[in-house]
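As written, the chain order gives the labels A, B, C and D, with residue 1 at the start of each chain.
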Amino acid sequence: MLNFVDSVQEAVARIKDGSTVMIGGFGNAGQPFELIDALMDCGATDLTVVNNNAGQGDQGLALLIKEGRVRKMICSFPRQSDSWHFDAKYKAGEIELELVPQGNLAERIRAAGAGIGGFFTPTGYGTMLAEGKETRIIDGRGQVFETPIHADVALIKALKADGKGNLVYRKTARNFGPIMAAAAKHTIVQVSEVVPTGALDPENIVTPGIYVNTIVRVAGSTAEKVA
Amino acid sequence: MLNFVDSVQEAVARIKDGSTVMIGGFGNAGQPFELIDALMDCGATDLTVVNNNAGQGDQGLALLIKEGRVRKMICSFPRQSDSWHFDAKYKAGEIELELVPQGNLAERIRAAGAGIGGFFTPTGYGTMLAEGKETRIIDGRGQVFETPIHADVALIKALKADGKGNLVYRKTARNFGPIMAAAAKHTIVQVSEVVPTGALDPENIVTPGIYVNTIVRVAGSTAEKVA
Amino acid sequence: MSTATSIQTSATPLGRDDLARLVARDIAPGSFVNLGIGQPTLVSNYLTEEQNITLHTENGMLGMGPEAKGDEIDGDLINAGKIPVTELPGAAYFHHADSFAIMRGGHLDICVLGAFQVSATGDLANWHTGAPGAIPAVGGAMDLATGAKDVFVMMTLLTREGASKIVEACTYPLTGVGCVTRVYTDKAVFLTGPDGVTVRETFGCTLEELQELVPVPLKAATAS
Amino acid sequence: MSTATSIQTSATPLGRDDLARLVARDIAPGSFVNLGIGQPTLVSNYLTEEQNITLHTENGMLGMGPEAKGDEIDGDLINAGKIPVTELPGAAYFHHADSFAIMRGGHLDICVLGAFQVSATGDLANWHTGAPGAIPAVGGAMDLATGAKDVFVMMTLLTREGASKIVEACTYPLTGVGCVTRVYTDKAVFLTGPDGVTVRETFGCTLEELQELVPVPLKAATAS
């Protein structure tokens, strides 16, 4: 069932301790900052977080990590110039890291949404990121078996939603949103605008409403420039 | 390299005997009828054809089959009220059939385009279509190992192309087009209209030009109603 | 076995339209549903606007509307049975892999399918008679059977020859294993699953009379 | 070993910009290309309009334009290095799985990457020093290395300590096995593959002088 709620607090209220939470975004583009802040405030802890990175600076995911609310990160690129909170927790042995090549991360999330039990990919074959994993040679290429990444909750950002929960995104802020929406049991979306059902062209919908559970409007939450 | 050609004959001229040819369409929607007719005329034989069906009536793919040009069909639904040419060849033992559940067909085509070496799916588990295939239990569900379907050539139909080969489709005529374009070494597209580069909104492109090799305009080739 | 009269909800067997109305009534508001080709398509005639049901068609659409008539007919807008249909406000189009990802990923709440046979544990046979020389054709049946959260079957309880289509084990080739959760027939509604067959209601017969027709043990649903 | 002078094409080692210009010149017209973060990004400065190259960025775009300046800066339009960029006519956006399907499916003609080391058979090490306590971060490096039809590496030939980055076997953790086809360095262009290392041209040194620096056997390219 689709719900439109009035606040980000209400939107994240159902997130429980121990949940696996996917968070959209690549860099700042598509990051649902307001939803992450609400997750910080709601108190849920012992989280497994799936994101491309592991937080930057002193905001959002970085703060969640700093406060010890994240038990495990599944990501492709944790180390950045300003990932000091993750770095500190990691070096202290206080956070678990599952490092995944970015394409495997995307494909594993996609597999969860599409009902795929696992797949073979050449990416990572012969590297330390394939250690301990099943491998086989297919058509002469070494390949690694990768499994789907499911989540209890996804927090994503889109540009617009209609009354059916259909979503469109904006430029490279689309990134992980569509595949995370499909991979999570409950998908929470912050949008800049809610438009009437029928206002989005059916040819151009990126995420159909079947993948969306909770929508909250956050004014001015995209980087969209005023025309 | 992207080529715009002036005729469907020129578009299909490179198809060789023994090729695997994907043909888009579901029912009449999205069938590239003119390209199939040109394939008929160009004489290529000993083909493996990938399509959802196995030809209908006395046109297109059905004629290719009637003329003995198709060695093997890979499809989900060959038997229809008017699939008499396929039926006759099949009963005479003159055509090979690989019957694939429609979702496995789509996912195997998608896997080829996405560089996936194979995947496990619950679809077909415990049925005669899984006989002889590798299976395993994943998260308590029986699953079957399925492999990618690659093609030498794809023949598909789209609504519009721009100068970069970017494509948009129309309604349910989209069906197999985008995944076949990605799975074939050489993708040939018939479009109703070629528009200037920049005339398609980058947010709404369904098949990026990287997947397109040859484009031919065929006037009035979609079922689009005149507004 | 509890007394049968408590679950007899109709004095006569149900016709196809009454059965379709019953299935429609049982679909929870807001559901995403795929209706199979043939008898299941009738269900769409009885869905109400208040139910806010979204119909999926596996050839690439959510938000499918009723069959197209006259000027509405558009060759680019068809359903999985290749019948021209219409689009409702809020519809969305997508390609075949994305469409089957919706089905296979477990996102459809319900699919409604016809069947040759359903076993006591919910195995489904609905795609192939297995007769020698028959040309097999599976389409999306296995994906629907395996992917939807709930698989409802609509069929007559008996074949023309009078044999029960609810069986101990399917003799026709399987579509899916243990996938059917509910069977709507002219004579009764059955719930199937790992624990066997429960009768939710009967139409024009008692549970005892029904048991005479069906070769697997039937339990009556406990009043809830 | 053939005479070295035949392949020396420059009297001095190449600077970063000259090297970027050379890589740009070597990219076939109409190619689809991904330029890695850092030195490879310089290549875009030397691509000509006539070459009609389409740039891919793995965070979801084909048709990426130059870095955005001033009013062009839009937080929703960044490249894989998280730098604001622009969009060219004919650009297309897609989600992350579709974007990596382009890379992993073998659709990119060329990717250009930096490297710590490249082995004689084209193994690549460019993501992780493997130093104790170092936090690993891989991003899209393994997907690019494995997926593109041709993987070009751009790097200085020697480390600051004077060690060759072209090695018999990588000592740093691998990014991909046997994936590099060409290595552009300040001192030479190398072709790598199953048959070992061929030198296409040298800059400011003879093949013999180059061989002094590199611990794997070098062959000169035969004139074509």
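Couple of notes before you dig in:
The rule is simple: a contact is a pair of C-beta atoms (placed from the backbone, for glycine too) under 8 Å apart; a residue touches a chain by one contact, two chains touch by 3 or more.
No experiment lies behind these values; they were computed from the predicted model shown.
Among the remaining chains, those touching chain A and also chain B are C, D. Remark: chain A and chain D have CA centroids separated by 30 Å (rounded to whole angstrom). Centre-to-centre spacing of chain C and chain D amounts to 56 Å, using the average Cα coordinate of each chain.
Here the spacing of chain A and chain C, counted between their Cα centres, is 35 Å. For chain C, residues touching at least two other chains, in rising order: 61, 87, 93-94, 97, 100-101, 103-104, 147. Chain B has residues 107, 114-116, 121-122, 169-171, 202-203 in contact with two or more other chains. An unclassified topology is adopted by the chain contact network, corresponding to no line, ring, star or complete arrangement.
By the definition given earlier, chain contacts exist for A-B, A-C, A-D, B-C, B-D. If you check the complex, the residues on chain A that touch chain C are 1-2, 112-116, 162-164, 166, 182, 197-198, 200, 202-203, 205, 208-211.
Across the interface of their complex, chain B is touched by residues 29-30, 32, 54, 56, 61-63, 87, 89-94, 97, 100-108, 147 of chain D.
The residues of chain A lying in touch with chain B in their complex are 107, 111, 114-122, 136, 138-139, 141, 143, 147, 168-171, 201-204.
Residues of chain C that touch chain B in their complex: 57-61, 74-79, 82, 87, 93-97, 99-101, 103-104, 123, 128, 133, 135-143, 146-147, 173-177. Against chain C, in their complex, chain B makes its touches with residues 26-30, 76-80, 86-87, 90-91, 97, 99-104, 106-107, 109-110, 121-129, 142, 169-179, 206, 222-225.
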